[in-house]
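Order of writing sets the labels: A, B and C. Residues in every chain begin at 1.
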Amino acid sequence: MDSDALVLHEDRFFDPDPAVRAIARALYERTRDLPLVCPHGHVDPALLANNDFFPEPTTLIVVPDHYIFRMLYSQGVPMESMGVPTRDGSAVESDPRKIWQTFADHYHLFRGTPTGAWLNQELYEVFGVRTRLNGRTAMRVYDQIAERLQSDEFRPRALFDRFNIEVLSTTDAAADPLEHHRTIRESGWKGRVIPTFRPDAVFRIAQPGWDGHIAALASASGMAIGDYAAFVDALQDRRDFFRSMGAAATDHGVVEPYTERLADDEAQRLFARALAGEATAADQRRFEAHMLMEMARMSTEDGLVMQLHPGALRDHNTGVFERFGLDKGADIPVATEYTRNLRPLLNEYGNDPRLTLILFTLDESTYARELAPLAGHYPALRLGPPWWFHDSAQGMKRFREQTTETAGLYNTAGFNDDTRAFCSIPARHDLSRRMDADFLAGLVARHVIEAEDAHELARALAYDLARKTYRLDQPAEVPESAAMAGVGA
Amino acid sequence: MDSDALVLHEDRFFDPDPAVRAIARALYERTRDLPLVCPHGHVDPALLANNDFFPEPTTLIVVPDHYIFRMLYSQGVPMESMGVPTRDGSAVESDPRKIWQTFADHYHLFRGTPTGAWLNQELYEVFGVRTRLNGRTAMRVYDQIAERLQSDEFRPRALFDRFNIEVLSTTDAAADPLEHHRTIRESGWKGRVIPTFRPDAVFRIAQPGWDGHIAALASASGMAIGDYAAFVDALQDRRDFFRSMGAAATDHGVVEPYTERLADDEAQRLFARALAGEATAADQRRFEAHMLMEMARMSTEDGLVMQLHPGALRDHNTGVFERFGLDKGADIPVATEYTRNLRPLLNEYGNDPRLTLILFTLDESTYARELAPLAGHYPALRLGPPWWFHDSAQGMKRFREQTTETAGLYNTAGFNDDTRAFCSIPARHDLSRRMDADFLAGLVARHVIEAEDAHELARALAYDLARKTYRLDQPAEVPESAAMAGVGA
Amino acid sequence: MDSDALVLHEDRFFDPDPAVRAIARALYERTRDLPLVCPHGHVDPALLANNDFFPEPTTLIVVPDHYIFRMLYSQGVPMESMGVPTRDGSAVESDPRKIWQTFADHYHLFRGTPTGAWLNQELYEVFGVRTRLNGRTAMRVYDQIAERLQSDEFRPRALFDRFNIEVLSTTDAAADPLEHHRTIRESGWKGRVIPTFRPDAVFRIAQPGWDGHIAALASASGMAIGDYAAFVDALQDRRDFFRSMGAAATDHGVVEPYTERLADDEAQRLFARALAGEATAADQRRFEAHMLMEMARMSTEDGLVMQLHPGALRDHNTGVFERFGLDKGADIPVATEYTRNLRPLLNEYGNDPRLTLILFTLDESTYARELAPLAGHYPALRLGPPWWFHDSAQGMKRFREQTTETAGLYNTAGFNDDTRAFCSIPARHDLSRRMDADFLAGLVARHVIEAEDAHELARALAYDLARKTYRLDQPAEVPESAAMAGVGA
């Protein structure tokens, strides 16, 4: 047998115990072909708006994926040699074949990692590669993918349809004109690609560049933003516009999930200070806390599902940030407190049936201690799937084992792939469906749940819960004013 | 086969691996019929004092169990529709059959949870139900239980005997006259029901209502409590009285296990401030820290085992608390620090062979990091079983896996059911015995311990350690003064 | 069959599932006989310098091992009865047979602990004992070991060779003259025993006794240490000397891994305050943080690998410390923060290919949250093996499960035994090789990695990575000045 043969075992990731494995396989068979619901991710909508051919393998797979180049960097491979572009435009490796060879030479680093699993499945199933990637096979694999990328079947919309994506959410700044989403809608193509409202930048009043984000927001909303009240009006206007473009959710990234309602005049005072360029980090902390309250309030009114992603300290490596910019694999988690931080928000809105708030974490010690007890009580709360570093086989296992007994399975929000790597989407959903099938199979084999209930649950975890939690099973209702705003934008 | 048939599989919760399962089963067989030692719980002693018939299924099983109604509430079912009484007496659903139907309609929420496991076993073994509970079968199951509850075999004392309970500890406020315990003792019935001294309320000097608790303590002890010295005397008097009524232990609930010995005049000053209604939250923090030291001191003298339950932020949901009161499923854990907080207490009393201090936690990250190293050193320390949210199959597994290697098995305190749901007691002990058998079976199958040692250990974890740690294997010695106090109370 | 027979099962610690076990066994067979690389430990070099006969079993095995006597102490056995010497010289049990009997009487406490596993293997393989140790067999086992200890094959160097130790690192204070290392080198014996530079004591400027450590450092370096600059020079001089004696690494123990670069005049000011006996705990915190930066700087220049061991609160039990001194089983971990604390150091040196910084932890909640993400990005970082309380079967399993998916296997540093118990070294490496084989076997059985890759990885985890990370595969290059310093010392 060819030792370079790439094989995807049918039972990969399942428990080796024959009894568990047989049940897992049966459960997985029920979900493997269900459509993919992708309610949270970072795919560039231009991809599907333009529907251009993908350039070549390295630009598609290696250069934009910080999961990949951070691992090589951690072992001493310069990011320049991976072709990661610099902020000042200074030269980096530009020969895609050379970069691909470097990548392949270090492919062993991904053994046992989710990136390795996703890549193997992507190569095998999306591109039909049957050769294990390594230093010897690098060019052979490259050529094969490159050839495929030139055919119509590998253009983005064709892949979207082949991947059986039912809906794909992007993530978009508050001021984003959503032109690509509009292009998609007007193209006649039936793929459902919807935006998500992510206003983080306009809440960070002490950050350099905040004024630019406010200017963009003013421009996008067609409103002058001279005070806090106008700011809130502009946000509501943009939310309405996003809804008119199909948005189901908002998304909020903070270091600490601190919430606090400020008096109106206090919020106004902080905002004025920010406009004057005088806001401090402490001001920002309170302003962000207050704006999370406002986002929850607006969600109770307009029905957008609220997502909260706390706990990443961004750009830990200052040298890498200065040379290469954001999202270069140097965001590092910190311990995160939910119980006290979220209390103000949950006391004000957590009992309101109109709100759905989905919590994510990078701090697994909060699963059993804080998140499951909170989600097992507050009607508004749901737990998002294991996020980022924890979106992995063992990470998924820990999530289920540490949340299920207190929160139950129905207080979780289903899977989302959270990726900017479009071609990895099926592999990510597949891993999740396998791990959930395996978890449920363990419960069946230990006689904790009945087999027939497990089948219903497998489908819920793979498909139904994501649709329901993000309200994607409901026809979008477009507010009249929003439709107007949409036209005016 | 009837898909509504309720089946309890003989091997439930055991590892599916045939080798492990066979060992687990054999170990479990050695412990399943041992008497139940219940050294910590919240059963209302009036139940056994009065020995009345239980009213009907809903009042018995659903309405008082916050594990149940919090889960339905988390999915949008109003607590009113579950019959949870309001503080202001405003109307809630009062038809027990309607409530039971709502409960049954949502029974799928408990799949994979310990509540689901306990309920199934309780229905099956206590009430002889052979039908899975769901929306269709709700009334059939209700009627069957209702019928049983009318027979003498289902009165509390009969169940106590049938459950094979060797001893049952209740939890009682410092000022409690323990009249129900007296009634039981004087009834001639041989069931051993003993109180536990829980003085939290009189330590919380900044809480509204503290003065009422002090007045009750004064009345119960027959002492005027005009200063700190009298307060300490009254506490000692009550401890003596509790001992005279059979108490083996005290219990202490705090948010943070902070300990600090105050100088006498400082303690006196704080107490005086409290009497004047001027104590602050910071005062209370230090006073509670000091009183934990005092409780440890008294335990070295009177032999009451000391239990410490930190880490629950009570009544997180203010709206629910205001409408429904305490213990409504909205107590949420917080991260808890033991190493530094307990150092003063352990330095003063932790080497004293007369003290036994049992630590509990809601923060599993402390198992391996703090609790096991502390218990693996200090002679006074023992680790209580996984508590509350962690009193579950996976919670028990994590407890054993994360404490055994550092603390050993003999520094753990055996199981306790910690429940107010009397009829769930056998199911809770059974789950614990199964999970401990399974854990030990894993060690045997991996050749870490010998099979014969595992048999001895299984018995220790199920029975011996609880009796020994709580000193329930010793004849109670009643101090003369306490007997007097008992008479006077 | 003799129920007292001690048996080491060939498959101990492997997963009971037959498929996994077969793979684990095959992987383990590839690594079991590889030489032992011991880059971090606490064996007394005098042992190998003098090569005397070990005295008798109790002095060898029980008295110096705080893993053993802490466990007995936790169950009420006085340390005096274990022969632990007091600081004031007051009498303790001195009959080794009596102490051994006490130890054997309590041997059941070690069931399921790594100490139990190591001891059983040490007794079986090193001393040829075939009898389980317990109260009945105590004297029989004692006599057998005692007899062996009188033969030449059981002298330290013979055991070193028989254990197949390739290199053994000790841990030595900054001022240590390394005379035993010199004796070994000059003896003609080929065993490679190298020092590790551990300067903690001279960084703790607020600790009683600091001036003594500075005086010793001055004496050892032959330099007057009148100011901060001289202090830094003396440290560099000692590092050079350690390198000349074969050192590969430095080691640093701190409570909190806080790092901060001070301005030179600020460092000078703190150091002057320390010389005047006026340094505060806050001063020390900043000085230690700064000296970690300096150690990283020097490592980039002299190539010594830097090890950081934070998170132990030493001598938690003041009474035990006052009576018995350091390292008596009362060091208790605390929660540890890496992301923010290490940022200054990693920003300054973490991208430098000349630095290798190995991180350890006693706070497992940081594995997936902080350590794996940091090690999966910074080129200088590697993760040390599970440390101390976590150097156990389950501890190793959690380490692999919680770090592999984000950091990969190649960002880990291989095993080290970290022990002062010389005769336990083979057992410790064996447990690690078994658990790594078992972990990899699980990945193969779940089709996450290929079997042939697992074989390569098993060898890397058991042998190659330790050699590579600690640069033990490189010929030591001795700086000229250092060789001089070595001569002058």
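Criterion: a contact is a pair of C-beta atoms (placed from the backbone, for glycine too) under 8 Å apart; a residue touches a chain by one contact, two chains touch by 3 or more.
Per UniProt, the chains are A, B, C = Uronate isomerase.
In this text the structure is predicted, and so the values were computed from the model without any measurement.
Novice: So subunit A and subunit B: same face meeting same face, with over half the numbers shared, or different?
Specialist: Subunit A and subunit B contact each other through largely non-matching residue numbers.
Novice: For the sequence-identical pair subunit A and subunit C, what is the superposition rotation angle on Cα atoms, to the nearest 5 degrees?
Specialist: 120
Novice: Please report how many Å separate the Cα centroid of subunit A from that of subunit B, as a whole number.
Specialist: It comes to 41 Å between the two C-alpha centres.
Novice: Could you pull out the residues of subunit A that touch at least 2 other chains?
Specialist: Only 17, 335, 365 qualify.
Novice: Give every residue of subunit B touching subunit C within the complex, in rising order.
Specialist: Per the stated touch rule, the residues are 17, 19-20, 335, 337, 339-340, 343, 346-347, 350-351, 353, 365, 368-370, 372-379, 381, 401-402, 404-411, 442-443, 445-450, 452-453, 457.
Novice: So in the complex, which bits of subunit B are touching subunit A?
Specialist: Its residues touching subunit A are 3, 9, 11-17, 70-71, 73-76, 108-114, 117, 132, 313, 316-320, 329-335, 362-365, 389-390, 392-395.
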